[in-house]
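Several structures are given next for inspection.
What follows is chain A paired twice: with chain B in the first complex and chain C in the second.
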Partner chain A sequence: MIRFLLPLALAVLAPGHASASPLEVQVTDASGAPLANAVITLPAPDGFDPERHRFQWPMMMEQQRLQFVPHVLVVPRGAQVEFPNRDRVRHHVYSFSGSNAFELELYGREEARLVGFGHPGAVVLGCNIHDAMIGYIRVVETPYAAMTGADGVAAIADAPEGPLTVTVWHPYATSADGTATLALAEGDSAGRTAQISLNIRAPR
Partner chain B sequence: MITLLAIAASLALTPAAMPTPPGELPVDPYEVSNSNAGAEPLSDPAVFEAFGGIEGIDRIVDDMVERITVDPRLADIFRASDFVRLRRTLKEQFCYLLGGPCDYTGMPMRSSHADHGITTAEFNALVENLQLAMDAEGVPFRMQNRLLALLAPMQRDIVTR
Partner chain C sequence: MFHRLQHKLTIIYSALFAAVFIVLAAAISWGVTERASETVREDMDATVAVFHRIWSLQESQLAESAGLLARDFGFRSAVATGDTPTVQSALDNLKGRLDVDVAFVLTASGEVVGLEPQALGGRTPALIDALSDRPEASGVGYFDDAAFQTVAVPVLAPDLIGWVVFARELSVDELARIADLAPISLTARLFFTGGADVWREPALRSGPIDAAQVFAGLDDVSAEASSARIRRTEAGRMISAAIPISPFMPQTGALLVLDFPLRAALAPYRSILLIMLATSLAGFGVLVAATWMVARGLTRPITALDEAAGRMAAGEPAQVADAGRDEIGRLGKSFNDMVHQILSREAHIRHAARHDQESGLPNRAALLELIASKPAEPGETIFVATIGIDRFHEIRNAIGYDLSARLLREVGGNLGRVGRVQLVARTATSALAAVYIAADRDEAARIARHLAHAASEPVSLDSDIVDVNVTIGIAADGDPSAPANLGPLELSGVALEQARSELGSLAFFDPARYGDPLATLSLMSSMIRALGTDDIYLAYQPKLDLRTGLVSGAEALLRWRHPDRGFIPPDVFVALAEETGHIIPLTDWVLGQAIADQARMRQAGHSLPVSVNLSGRLMCDSEFVGRVLERISAASADIVLEVTETAVINNPEKALAIMREVTSAGVALSIDDYGAGLSNLSYLKLIPAAELKIDKAFVLSLDSSRADALLVKSTIDLAHSLGMRVTAEGVESAAAMSMLASMGAEYAQGYHIARPQALDVLLGWLDEQARAPATPSRTRRKVSRT
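== the complex of A and B ==
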């Protein structure tokens, strides 16, 4: 009984959730094909502190079978991200992405290293040893963030009511900052899936 | 007839699924062949003798592996290695190359080193440790060089950056 009541009580007590509703966005490329690994975000509420925010997914970028897993990871600004190497070979992970640039030499099966991401934006990850390894970290300053699955759909369960600007980012988007935006008037997305399309280049 | 030939060819190309020896980790299947050792074996029995035969080679490999696990230039590369398999296949390879009564059952040099991102400096560091191990076993320089001459060209397949 307590297990049922507790989440309910928390939902009622949590500020800003009183006027929330689910938002679903489908992201496609210019030809209409669903786009996976697109990150949708909504503006943060006033006074939001990303440094104290925790998303429900692990802050972890694994290296497994010479791949970054997940391919795209969304983290709040200030997050400490784990970089466990599940492979038996070493990796030399690096990023040249502006203020979030870093370099990390990881021996086989090393699992105890953290990297902090103190600046918002997209972080492109590579490996000096394995050229085919490419991954992305999207550093955000909002609690409202979700990633599209294979069907191109991303959902934010507790989107605020009212007019909204949805920002979509994708690693292969051709726009300068990799994003496109969609303005939704109040009630626009109620009970349906908002659509947005992005121009993308062929993945490397 | 053509069909039969094709079947025979495909059978010959199917990698033998070697059972995993006790204490070792499974590896992806590959075709077992002495040609995987990366060089033709020496035929001069004096060299095998100078290395102390199978027992001497076993000691040299064990000593070399001990050294690389504490060599700061190499330890991280080998940290997640299967040392049981590493020791066994190195002993087989050296014994085979030195003309001893051994078969090499390990992988070809290129595939066993692929994805490790080995540099020339790291390759040379491993050779240094081998030289120290051969010194410790009392192998004369002239005989050491017979083995090193076989190993040196393997750098082409081992060093990838």
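== the complex of A and C ==
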């Protein structure tokens, strides 16, 4: 119920836009199965400053039961993301993802670290101690971003009117930058769910 | 196919042994090969299993080393951040430490660090694709023209960013090391294909190889590992196993081929096989020699028998050597017995063929054989004397056949002891013949007399003594005067007959007396043909009445002038006709001709009785005589039938009865040739004849022999006293005629009066006589004048 009402509320609370309407996109893999943890984005409006933007979900990547939770986190550029350790063991979180590379040396339970991500793109997170731990942070420069749930559907409540280019990113996508795009003409998405499929690889 | 049993046996046994040996050798060879191959196959399968374990062990070691590197945080950091010099240095460091020939990093984006990119032969994207699906890959890689045992380990940061690839070269030494794992000295060869079925042998840095040839005899190389098998290669026969090994890169292939020479597998068995071969060859030689000898032992007596049978067939005496106690030996003995019996039987037959069974003396065949062999020296002549034993049948009837045969044997023995006699043979029932040599006829006669003397010795048979008389006929071999169709033996037989007919005791063959008996064989048929022709005719000899000087009758005499043989004496053919029965047609013809001729005389004015000679034999034939009488009476002829006294000797009663019929029929009978034969006065008085004709033998010498004159005179008186008139035959002189007239003979017949003459001549003569009729005075005058 809350998830259903949330976009609605967002739409009401976006006064700056002459008009807005909710957008639903379902992401599937090549075989048509719903794909969770896919991130859809729309181009940012002119003059949008991501460093000031706040998404409604916490900017936090927990290490819990030797896993990164959530598996995929969407953050705006410049966001400070907290890495709290909920396990009794220590972790050594790192990322070699280009300009966003970082390393958090061994830290213990209930210790938290803050990492700022100043460059857009995908950041792959790993733990030098636990090879099986892997997580992703998607750094975006737009307010219109959402992540698919288990049903593969992501919704953007205040999507602007007019023709839209939907960008879909998934950590397992096989394309060069892990994205795919969907061009929607004006009114195409009105009242229904847009469909897009991605080629993905098996998780390693 | 084979002309000799020996060859046949030898070849057949050798072929059989060879066939058995070949089959045995093939079986043993197959078994040994199979066993050796099986051993090698088992070793090879074991080797393959070991190889797989070693291979995976090495793979694990490589993978472990690569994994250590790939998990190193600093290394991952270097790879993730594209710190190529650091990555390169890390690779170089490990290569030296871990004994890895090739170590490189392949990033997910296709970069290669630590290896020249072209070493992958443009397969980088395909390799990335393959590794993406199968992060921890291993297999045979092919880089820089060499093959490597290769493993790839992913580099996770933590996402997959690339692979660490470690490889150890599969060099010749490395393959040898693998081969050394086997309990047997295998050869291991590795082959690699980059696709399109182009194979090469990387350890040798070879170019493309001829796969069809190198892999000949192996299973489909793409299949799973198969068990070892025997195949034929350039290096000889191999026991081989082909082991496909997973390739490191897609669309490539690798194949490990293990070879083991079959020769090496069979080496332990070679000495056994050689011994077997040598034993077999030696056995074969021994068998051939033994068979040859056995066959020779078997066939030699048979060959000897064969040759002996051939000699036997050719008439030579033949015996075979003793060949033991087996069947062939017994056959040889039987053959010898058979030859012996055949020879003795042959000798017996030959003896029997040349000897008289009864007397045991040589027979005619033996004698002819001797004559044919011409035993005489030049200037000498072979003579054959046939010694006829007189009265042999009487002797035989008296003493029996056995003793008479002994008699002949004794006589033959006596004859054989006479000098110059070569052979004495029995040539007829009662005759022996001696062949002897003499210089001439005189000596031959002398020897013949010796023979007669020798044969005439009394012969003592058991207790009896038999006197033997012989008559001998002699003939010379090659006598030119003898008939060509008779040999000396036959001629001597004829001479014997001639001697006997002369009542002599010894005679040479006389060709003159012998005449031409061959011709008489056909005389009768030609006589019958001549009847009715001019060849046979009647001649008439007039009969003069001594009292009146007139012709009182004529005797019809048969004459035959043969176109080829000339004049044939009546004695010859009439006597023969009497013997053969042809006398009846002959007499018929004479009677008919005489009747006809008498008719002609009568026509010519001369009525004369005609005398016709009638064979004494016919006088007993009442039917014939009846027919004669009928014809005479039918022709009203005046015929006198002349018969000899002998006519009544055989069957006097019947002959006299018929004679009485004749006279009662009015036909006069005349007794012909009186005095020539045996005169029987008792018959003479019974014969109802009107006339008696004195034989010319007495009349011819009437004027020179007083005895004959006395006989004639008494005969005339005898005839007159029996009521018969007398005709004297053979009157050839006036003196004889006048003497006969004075003795009281009524008629005379002879050359002095007239020769027998043909009818026409007779008629002329009769005419002449009629013109100057003779008178008794004239006759007497003639007689007195002579």
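Everything below uses one rule, namely that the second predicted complex is superposed on the first by the 183 of 204 C-alpha atoms of A that agree within 3 Å, B and C clash if a C-alpha of one lies under 4 Å from a C-alpha of the other, contacts with A are read in each partner's own complex, and residues count from 1 in each chain.
By definition in this document, a residue touches a chain if its C-beta (ideal position, glycine included) is under 8 Å from a C-beta of that chain, and two chains touch if they have at least 3 such contacts.
Nothing here was measured: the structure is a model prediction, and the numbers come from that model.
In the superposition on chain A, contact of A:Leu66 is made with chain B only, not with chain C. In the overlay built on the shared chain, the residue A:Ala30 is in contact with neither chain B nor chain C. In the superposed model, A:Ala157 lies in contact with neither chain B nor chain C. By the touch criterion stated above, A:Asn128 is placed in contact with chain B and with chain C alike.
Once the two complexes are laid over each other on the shared chain, residue contacts for A:Gly108 go to chain B alone; chain C is not touched.
Legend: residue contacts after superposition of the two complexes on their common chain; A:Phe96 is shown touching chain C, with no touch to chain B. Shared contact residues of chain A with chain B and chain C: 128. In the complex of the two chains, the chain B residues touching chain A come out as 76-77, 79-82, 115-117, 161. The residues of chain A lying in touch with chain C in their complex are 94, 96, 101, 124-128, 131, 133-134, 171, 201, 204.
Across the complex, chain A meets chain B through its residues 66, 87-90, 92, 105, 107-110, 128-130. The part of chain C that touches chain A in the complex is made up of residues 71, 73, 76-77, 80-81, 132, 135, 154, 156-161.
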